[in-house]
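Just passing along the structure, written as structure tokens.
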Amino acid sequence: MSHPLSRRTALLGAAATAALTAAGCSPAQQSSSASSSSAPVTVTVRLWDDQVQKAYDAGFAEFSKANPNITVKTTLVPWADYFTKLRTDAAAGNADDIFLINGSYIQPYVTGNLISEIGSDFADLRGGWSQAAIDQYTFSGKLYGVPQLTDGGIALYYNKDLLAAAGVTPADLASLTWAPGAGAGDTLLPLLKKLTKDANGKRADEAGFDGSKPAVWGYNASQDLQAIYYNFIGSNGGQFQDSTGKFVFASDQSAAAFQYIVDLINTHKVAPAASNTNANGDFARDQFLQGKIAIFQSGVYNLKNVADGAKFAWGIAPLPAGPAGPVSVVNTIVIAGNAKSKNPDAAKKVLRWLGSDGAAYIGKAGAALPAVTAQQQSFTDFWKAKNVDPTQFAKQGELKTLPAPSGANYGAAFSAWKPIFDEIFLGRTPVADGLAKAQEAANKAINS
Amino acid sequence: MTSRRAGRRRAPDFLAYGILLVGAVLTLAPFVLSVMTALKTPLQLASEPVLAPPDPVTLSNMQRLFTEYGFVSPVVVTAEVVVVVLVGQLAFSVMAAFAFAKLHFPGREALFWLYLATLMVPQVVTVIPLYTMFSAVGLRNTFWSLVLPFVLGSPYAIFLLREYFRGIPDDIIAAARIDGAGTWRILVQIVVPLSRPILATLTIITVVSHWNSFLWPLIITTGRDWQVVTVATAALQTQYNANWTLVMAATTLAIAPLLVIFALFSRRIVGSIALTGFK
Amino acid sequence: MTTPVPGTVRPRTVADRPGARRRRRVEAAWAYGLLGPSLIGISLFLVLPILVVLWLSLNHWDLLSPMRFIGLANWIDILTDPTFGNSLAVTVVFVLMVIPVQTVLGLVIALLLSRGLRGSWFFRIVYVVPWVCAPLALGVVWKWIYAPFGGALNALLGTSTEWLTTPALALPAVAAVSIWSQVGYVALFFLAGLAAIPSQVLEAAAIDGASPWQIFWSIKLPLLLPTTFFVLVTGVISSFQAFDHIWALTPGGGPDHATDVIASRIYLEAFGGAFHLGRASAMAVVLFVLLVVVTVIQQRWFAKRVTYDLS
């Protein structure tokens, strides 16, 4: 009789198990460190933007030179998963020491005492921060988060080659207007039709145009809150959320704005089908960079991506105006300290640095406009050196604006309206019906 | 008579082969297509028909997976999880099954029914409470959180092993006892060696199911440290949605090790599925 | 213990001898020692979670604020929630799409493979390949195959159908992947069932002049009843819990919740954005009860109708 699993092999197996678990080894894991005052500590920073990550990494290398006991490690969690992962992590004590967070999602973290107050330890720095940001992130008189990135307003990136091929000049983009139902005074739709081309080379304003075989889209109309629909709602005099936090996006003005966007996609076919863009927030940007979208409406957060990725000549033009003028969403993003951090002192040091000199690195790399006002010049300088003028975003931010949505349970509200919006943008649910349904669901979810 | 039968059978045989062949092509085509895509450059995928063979064959997607997208760690972590779960689950399941099959003790029937009843507990039902429990004790996103729920034995393995052990004649064990062998020696030196076929089958089942596991690792880990292959593949797909050559390289990587095991042990696996229910 | 249990180490008579009580105690100690690890594992990770999930279903918990006992509010909520009703319906439709097709196809393949053709082994192995692979990875592969732009299926058909984002097509598309990955596995069970039919029975029927069709309907199919039942029940149970490939193909429940099966709803409700862990727990309990009912019906059937021994 053979003994393939003799005691010896069993023991070997057990030993191997012990060795593996004792090592507990993940090649991706950094050595953890004790948190006594003199011992070296690692502070982890979580963010969703890879451009900002690169800028931070460069900055933290400098920071560690000045603070040899503190190593700072950044963790990138893609936007699509960012706020779901952050929540499950925060609840389980796995959130990073410091993390980027935006105004829409911050509230439950504040009420749940999961992020620390930016209190008296930062008093000397507050004067250097954008006041709008401080206001946005102050709850019951306490500030939660060090202002980091200012999104300014939204504008149009355009592909000069595609414009030229369609006989359009950048000057034609300087004062575009839209009107509900593409009625009187609408110059946006005719322009987009001129820019859109099918596989046979037919333009959307020519007979025989086949929108089901697109080659070039004029525009990135899509279910993009910050870049698209918020601005259309605002420029039609509508609101998404009222001052009490109630969702009111089913109002007539807002519905007309949604209808206009949905028509651009499904009736006029001057933008990619929603099946491509509903679930993939980067689709439009990637298509623009591949030269398949002529006008890409977006924010300063995509400036570096466009500058690095575009292999064609491009420019920036103002947002189209609606009946209520050009209205843009503005947003500031803060970086917050985890209240359960095991290294609160080191984390505070990093936060202080990010609220002062550290913010320069985001600007210097051109990644985003710092919300630390003294460091904003670095951003302008970076782009000036590249012959790019990003002032359009800041200008837009100074015009009429809408605040970004927020609420106690914004995540739940978002997941309540998202599937309904998906159907609206796909053209399968009539806009008015869908918005009414979505508004009811969102209002039910926001406070639950 | 034989010739007449052969004549009668030829046409249906031909038809049978035809159907089976179509089925085989349909079964394998997704694999072939995805591997082909993984070996193409993004440019080739975009510019040439999907069915065109990769030309030139490029390993750059696979290479970038490891160098740029950090797929070394998920492969190592998954392998560690599989090894630890395999060793623990088999050892502890063998022990439990032996107790149920060959030892007398008060409460045996009741306990066995409890074990059997837990076979009905689906994973989807336990993930929320387990997340809560692991979070409460600070074990989320650790190696232990990946292995602990499985390493102490599986009711399914215990059930199969018990059935098998019961087929081992009592005489052999009684004889060993008379020779002075203790319970542990009987288990390790007699029962285990006699159970090689079922142990081999269980080994394969455990490796397959834990290499493929997705929902639990998705919930109980975060970030790169303890990311397993399935979760890394899903994350890559979410983030690089349209970059199919890269994503297909990841799926190829997630599938390939099991295909190798399958190729090596296909006869045993195929032979044992119907016997064990191979879950 | 009053009745001797068959298949145990020692005959009952030994216990009547002096010293037997001590030996029995030693044996029981050994038994519990051997059972220890699995008993801990099963209690902590399979039994306790059921109690915890029941408790969670009576609480409001959004992960960030403290848990709050709310009695049956979650239960009332989910039982009147059209989204959860939709998920139950989607799951049932999914099961009804997958199970009949994979069972019939599996049977056909098994019948073809049981003809003893040369190369049958090759086909057996090929058909089981998808079943060994990670459902998540297969889901991602099929996501590419179904992609409207640059996907293999549309390229082959010369169309640009949006398989996964059209509500009417999404669930059939997802079900097709299920069937594709499981049909070989089902076929193997039928093959084993066919092999267990005594060849004399088939020969006798053939000598009596029964046509292959008659042999199939009157002999093979009735004798395959236990196998069929086993395949149906295990298939239903696993399809009720399907998650990985459905999630990979249509994350977030698919277009207009068209593929929002129970497992995906539970995940979304708990970890996918809504963060209602209490509601998700109540849904999980509903799923568990459904599966227990299916299993109990199966047990009854097995006890009454068939004498099918798996071992």
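Order of writing sets the labels: A, B and C. Residues in every chain begin at 1.
Definition applied: a residue touches a chain if its C-beta (ideal position, glycine included) is under 8 Å from a C-beta of that chain, and two chains touch if they have at least 3 such contacts.
Quick caveat: nothing in here was measured; it's all calculated off a predicted structure.
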item	value
Contact distance in steps, from chain A to chain C	1
Which of A-B and B-C has more C-beta contact pairs	B-C
Cα-centroid distance, chain A relative to chain B, in whole angstrom	39
Mean-CA-position distance for chain C and chain B (Å)	15
Shared-contact residues (touching 2 or more other chains) in chain C	149, 251, 271
Numbers and ranges of chain B residues touching at least 2 other chains	88, 131, 219, 238, 242
In chain A, residues with contacts to at least two other chains	88, 91, 279
Parts of chain B lying in touch with chain C, wherever the complex brings them together	12-13, 16-17, 19-20, 23-24, 26-28, 30-31, 33-34, 37, 45-46, 49-51, 88, 92-93, 95-96, 98-106, 108-109, 111, 114-115, 118, 120-133, 148-153, 155, 158, 163-164, 166-167, 170, 173-174, 177, 183-184, 187, 208, 211-212, 214-215, 219, 229-230, 233-234, 237-238, 242, 244, 247-248, 250-251, 254-255, 258-259, 261-262, 266-267, 269-270, 273-275, 277-278
Residues of chain A defined as touching chain C within the complex	83-84, 87-88, 90-91, 108-109, 111-112, 114, 212, 273, 275-276, 278-279, 409, 411-412, 414-416, 418-419, 422-423, 426, 428-429, 445, 448
Touch list for chain C against partner chain B, complex	1, 5, 7-10, 24, 27-28, 30-32, 34-35, 37-42, 45-53, 56, 108-109, 112-113, 115, 117, 121-130, 132-138, 140-145, 147, 149-152, 155-156, 180, 184-185, 188-189, 191-192, 234, 237, 240-241, 243-244, 247-248, 251, 262-263, 266-267, 270-271, 277, 280-281, 284-285, 287-288, 291-292, 295, 310-311
List of chain B residues in touch with chain A within their complex	70, 72-73, 76-77, 80, 83-84, 87-88, 91, 131, 134-135, 138, 140-144, 147, 188-189, 192-193, 196, 199, 219, 222-227, 235, 238-239, 241-242
Chain B partner contacts - residues on chain A that touch it in the complex	1-7, 10, 13-14, 16-17, 20-21, 24-29, 75, 77-78, 80-81, 85, 88-89, 91-94, 279-280, 282-283, 286
